[in-house]
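Presented sequentially are two complexes of chain A, the first with chain B as partner and the second with chain C.
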Partner chain A sequence: MSDRPHPILIAVAALVYLFLMVPLVIVVGAALSDTTYLTFPPQGLSLRWFENIFAISAFRRTIVTSLQIAFLGTMIALLIGIPAAYALNRFRVELPKWLGTLFVLPILVPEIVFGFALLKSLTVGAGVPIFAALLIGHTLIVLPYVVRVISASLASFDFAIEEAAISLGSAPVKTFFTIVLPNVRAGVIAAFILAFITSLNDVSVSLFLTGPGISTLPIQILAHVEQFFDPTVASVSVLLMFLTVAVMAIVERTLGLTFLAK
Partner chain B sequence: MTQPLDINAVSAHYGTTKVLEHLSLSVRAGELVSLLGASGCGKTTTLRLIAGFLSPTSGSIELGGRDLTRLPTHRRDIGLVFQNYALFPHLSVLDNVAFGLKQRGVAPGERRKRSMAMLERVGLATLADRAPGALSGGQKQRVALARALVIEPPLLMFDEPLSNLDAKLRVDMRVEIRQLQRVNGTTSVYVTHDQEEAFSISDRVAIMNAGRLMQFDRPEVLYRRPANTFVARFVGFENIIPFKVVARGGDAVTAEATGMRLQLSQNDFGAIPDAFLLATRPDGLMVSAEPAAEGLPAQLGLRTYLGRAYQYQCETAAGHLVANGSLTTPLEAGTQVKLVPVPEQCTILAADGGR
Partner chain C sequence: MTSRRFWCRDGATGWALSAPATLAVLCFLIVPIGAVIAGTFMDPRGAFAPYISYFNSGFRTTVLFRTLQISAFTTIISLIFGFMTAYVVSRAPAKLKSLLIVAAVFPLLTGVVVRAFAWLIILGRNGILNQTLLALGIVNEPLEMLYTQGAVIVGMVYLFVPLMVLSLVGVLENIPKDVLQASSSLGASPMATFRQVLLPLAVPGLIVGAVLVFTGSFTAYATPQLLGGERQTVLATLLQQRAMVSFDWVGASTIATIMTAITISIVLAMSHIARRINPMAT
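Here is the complex of A and B:
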């Protein structure tokens, strides 16, 4: 065993990074182009396609909708997912095994099928308004991530700690908030990020649930590409990447990302 | 402050599993009682029933005459010390100790004063601001002990508190626990699977097996006069030989087993029934190569060296026995010998095993 990694390993790693980064570089480049069509390398430098995003009302509206859906959906998923993950871990012996699997189902079923099923049941079947249907759909697709990530955090939590607090006179519900939650904080934040980004970038489920007047940003990007070939789509993709990176950066600033890579 | 604990005919059944059957046990005020047994004997279940983490199927638990059976754990006022310490990882050592006082609405200044005083007593005052993760196992358990003691509970319970510590520290810590418990006079229940630990720190020990109480007495009594074959084997009486009384003269009794006679005195053993089991540890059964010796005929098997004696695995008409022989004359496997019981090292059990 030498301390230096093998040259082939370095080469493979470099190729993987290249493979991951090049498309992004191309998109960023195309977004900065001064031309009226998509091109790379950029010809001339301009931010006008970024301005154009906000000039098109459909983009303005869908960005707001996407952020609303991602935030609300993630919050609801946390409200359901944290107690669910707690119960699944705390009563692992008492509860049937399939109950945990239940929460993974939305990502096991092909998303396109799941989206179609939601359209049939929520929008067509129950006549749920579009925004509400989108919110329910996104809550359901991010719930598995929330339950899994927080479960992983709780798996290393010694429930004797909770019992110790209760024995010292702290009521069970209060103990959950003062003792259990602070110790799985990293898991909750990780779950929030993962769920928020998953919702923000979702296409398949949103494709079925968006409707007249209400759409999400990725769906609007698709719609725009079908009609126009200008660099707006590249600049809005950069914006979406930026939003994702911004969420990560906020976390990095406040907590450090190391806790995510456990 | 210190109160007696009464467990009255408590049963705990989970589905078809009877984890505990009609357990009755009284701990006197200020006494330290150990629940001792192998895993699955019901000792931890008993502790969790007293703490309120489990509910009994039937029976009641009283502390100082107050019925705890239906009371939730957080209102039982019991100090608990866990095997894995169970310290709050996100709180400092001081805040860990002060946690119980905070729940009781003690003012911050008073809380700090009392917690520091308790940390002083366990010798950790200098570590008050540390995070629990930065402490050694022994220090963690001292913090856990301080945290449980500072609320001055009428009952203190220990769940295998020393199992995660190394051997030397285990012995030091149990002395420390006993001293603190003595000084405070807190009624205590101590769960362990370690016989030496239980015997060394307890006023009385309850030996449990398969959800039942086998014997509850002072360690000295358990060690010398086990009440049944289970306890006898548990405390090391490996040899159990059936005897029948053939002659009585006053207190002197002559008893007979396959191939041997033995003189016993009822002064030593109390009333001896006509049929009984003689139980001895290997030290109480001497190997004699003298053909004339009065003893149980046996064939020697494997010999092991104990330092103070040789120990032999023996085959006899009464089954497989373990006996000790002198260091001056090591004997070879296959030798025909006599096994001579030493009455002072023996005890007597009812012929049915005491059940």
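Here is the complex of A and C:
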């Protein structure tokens, strides 16, 4: 069997990639259109719809909320996820296997069920403020990514180095920060980025945890699409895509993108 | 001495370090979802009353079957196209391969709302597809493509094909090239090698991909909401309506329990099958 796939297969793959790329190109085109309705190819180039994003206060507010939640949620997930990932690798023998599975649960159960459960028990049941409930929800949905990505980089870390440092008199906590953490830096950065993007784009959990005055950008986009069909949504989408590209460029610079495919 | 005790291989330190994350999952995920599920069995009308009334409603049973149908179609289409694409990607020269992987990762990192919205522009009554068809004279009046099952399936395939491609590229790369070369040097045609060697070796990966896509499309919200609307209500959109519009907590909890039960049974059943087929797979 020759190494080159059959021409029909190559043609199918090319069509699949076309199918993946064309809709995104169309969104960008529609965002740049000068018309008051959504159209493609754009008729007259303009950035007015990008200005319109910031003219609508709901978009301004939700962009800020989304960034706050994504940043805080990711930081908390790292804060509790890094020690957990470390423990899972360092004490692999001592800790039961199901503990690793436990941290994957948030992506195993349907997100929309999780969002509803949080609404029922936290906001309605315990009177937790919406922002706090939103933060808790986002922290949990990104936790699996944090634990898994950092575990993967810890798996290739030789713990003998840590033991050497400790037996030479370095305090365990100091050893962690000066020896272990710098060695898994790439994993921490990747985990941060994956978690941040996941949180920023989340719909299913946020859907239930929004209320008067508090909403996230994707939920606001959904609400806007159902009322107005103008290019503003296309330009917000482009804004989100640019954010993703920027973040991916950082990953590419630091780790190489194939890292994300693992 | 203290430092020595600290890194002694005792589980206590491990438990302590993983405690915050464990507690978070326990308190904010397991307990709330457990409460939702338990609540449906404590109905004053009887233990299974919410389920009996769910399945007695023709509309709600239709929604369940529609959701299963959409997920099944999405999975099959994604499997076929994802496998062919992944095969080509896995055989591509290194430079092109990493470019193709990036091109598959990018849509995956773009939000689901943005990706569903793109299809709204394409499939709408005055959308690009209708304009093109009208201009070419293929149709005389715009087709109603939005709010059909087809629209939801296209949107879902668009969501999940990259996921399928990425998970299969890894699997196909792990199949040793020698095995395929052996097959062809022993006289098998490319088609026979594909059917009898490559495909069976890829089955565990295909199962994992199928589970990811099926459970993902079974629980997706934004795509069926935007492209299917009320005419194509699925479990996820029905759950949202019951909870946020009708404030029917029991109804919403029942749907949530059905979704969780189906998702978890599929994951467990398929990982069991994958293990039976290939003892090396985890």
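To be clear about the criterion, the second predicted complex is superposed on the first by the 235 of 262 C-alpha atoms of A that agree within 3 Å, B and C clash if a C-alpha of one lies under 4 Å from a C-alpha of the other, contacts with A are read in each partner's own complex, and residues count from 1 in each chain.
One rule holds for everything that comes next: contacts are C-beta pairs under 8 Å (C-beta built on N, C-alpha and C of every residue); 3 or more make two chains touch, one makes a residue touch a chain.
Worth saying up front: this structure is predicted, and the values here are computed from it rather than measured.
Touch criterion met: A:Ala171 reaches chain B and chain C at once.
Of the two partners, chain B and chain C, it is C that touches more residues of chain A. Legend: residue contacts after superposition of the two complexes on their common chain; A:Val225 is shown touching chain C, with no touch to chain B.
Of the two partner chains, chain C is the only one that A:Leu38 touches; chain B does not reach it. In the superposed pair of complexes, A:Pro182 makes contact with chain B only, with no contact to chain C. In the superposition on chain A, A:Ala87 contacts chain C only, with no contact to chain B.
Contacts of A:Ile150 after superposition on the shared chain: neither chain B nor chain C is touched. In the superposition on chain A, A:Leu135 makes contact with neither chain B nor chain C.
Contacts of A:Ile161 after superposition: chain B is touched, whereas chain C is not reached. By the document's definition of touching, of the two partners only chain C reaches A:Leu119; chain B does not. Overlap of the chain B and chain C interfaces on chain A: residues 163, 166-167, 169-172.
Chain B meets chain A in the complex at residues 51, 53, 72-80, 82-84, 86-90, 99-100, 103-104, 144, 147-148, 151.
Looking at the complex, you find that chain A touches chain B at residues 158, 160-161, 163-172, 175, 179, 182-183.
Chain C contributes residues 3-4, 6-7, 9-11, 13-15, 17-18, 20-22, 24-25, 28-33, 35-36, 81-82, 84-85, 87-89, 91, 98, 100-107, 109-115, 117-122, 124, 126, 128, 158, 161-162, 165-166, 169-170, 180-181, 183-184, 188, 190, 193-194, 215, 218-219, 221-222, 225-226, 236, 239-240, 243-244, 249, 252-253, 256, 259-260, 263-264, 267 to its touches with chain A in the complex.
Of all the residues in chain A, the ones that touch chain C in their complex are 1-6, 9-10, 12-13, 16-17, 19-21, 23-24, 26-27, 30, 37-38, 40, 79-81, 83-84, 86-88, 90-91, 93-95, 99, 102-103, 105-106, 108-114, 116-122, 136-137, 139-140, 143, 147, 162-163, 166-167, 169-172, 197, 200-201, 203-204, 207-208, 218, 221-222, 225, 229, 233-234, 237, 240-241, 244-245, 247-248, 257-258, 260-262.
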